[in-house]
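After this come two complexes, each holding chain A, first together with chain B and then together with chain C.
Entry: the complex of A and B
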């Protein structure tokens, strides 16, 4: 996997899955809708590397911006940017 | 490190762990020494040099914001410290926008540019709170931001490392690049202070 599925400006929803292994989708950002603000390039999926897979999936990584009020409730007032591998994301409908 | 031995309890435990990893074929003394050597060369003075160059050279500032890794190489720095290459991005403060860095999952940090991270950066309190209430946390650091300043918290959750480009202080027009670098603090590069 190398061609990014998402582009800057796309709205994405993060996975709600809590996997039984290391992952880099912070718990507070699960099941949230954010906006892609940067496409970073590709890296081996941290989840696969942490499990010692010989051939980890290589995926695009995105910088995704969330309004703090969505993550934590009011009053919010700031942005939280999180860097997320593509398999953590789906199209927000 | 293989060439240094200490009888302290923690050193013995670290060496035992190293020997287990080496025995399992996961690393070697040479690899460990190389990584430790590179980490030990990190210092906030490096980040300060990058910032001072960006303040005096608008073209460099543009290159730094566009491609941090390449701009680092111009000054003789690199992000090749870890087991895999890291992307380096510089986030620019403005009079209306303030950036602050955290790693909520662990303690990811651009050691090459900022040196070893401060203990509070690794504390659970900082990691848990700064994403939730950055304005309050920054105030506790002594940084009271105007109410209309936009705050962006960067959670380092992948393979990028960030550094804040602070706003150049007023009244520094006559200063040379080295004098400007001397004004830049580690906290200014993390975003828990302004310069």
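Entry: the complex of A and C
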């Protein structure tokens, strides 16, 4: 278990890495800047569980929202929310 | 990994059709596959992430040609036999 590194309102950038295994960071949300809108508590990392690890990492999960226009270009006056584990995220500068 | 299932935001797949009063299953075997998978998950034979991973590792042509519950069956067979689909009709 770990304390959440991010809080509601924080701007985060998603990983650009496409790992060679199952992950819950969809391709369209990779390398994007979004805003944390909810902290969901801690959950076993899907990437580790999918590989059958006996002791998967347990991390905070965040609901992060992205402007749809950032992901797919205009038009797009709405937001897309994705639930993301902490290791998918870094501070957006 | 960006596998064949990861199509969010891609165009060209056409609209998602939502049928009124669509039944949860279109054939008895689909209900059996559903029940079998729930039983495997509850027994801890594998977990939901391993299940999703098994579906994502389907060969792309096979994945795209398969129905929803055919993909489930593929994953159940892969995870319970270690060899993938074996002799089903």
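We take it that the second predicted complex is superposed on the first by the 92 of 93 C-alpha atoms of A that agree within 3 Å, B and C clash if a C-alpha of one lies under 4 Å from a C-alpha of the other, contacts with A are read in each partner's own complex, and residues count from 1 in each chain.
The criterion applied here is as follows: contacts are C-beta pairs under 8 Å (C-beta built on N, C-alpha and C of every residue); 3 or more make two chains touch, one makes a residue touch a chain.
Nothing here was measured: the structure is a model prediction, and the numbers come from that model.
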First (chain B), second (chain C), both or neither touched by A:85: first
Which of chain B and chain C A:28 touches, first, second, both or neither: both
First, second, both or neither for A:72, with chain B first and chain C second: both
Superposed model, chain A: greater residue contact from chain B or chain C: B
First (chain B), second (chain C), both or neither touched by A:46: both
Contacts of A:18 with chain B and chain C, given as first, second, both or neither: second
Overlap of the chain B and chain C footprints on chain A, listed as residue numbers: 26, 28, 46, 71-72
Contacting residues of chain B [partner chain A, same complex]: 84, 87, 104-105, 131-132, 134-135, 150-160
Complex interface listing, chain C residues touching chain A: 1-2, 6, 8-9, 47-50, 52-53, 56
Sites on chain A touched by chain B in the complex: 24-26, 28-29, 40-41, 43-44, 46, 61, 63, 65, 68, 71-72, 77-85
Chain A to chain C touching residues, read off their complex: 18-23, 26-28, 46-47, 49-52, 71-72
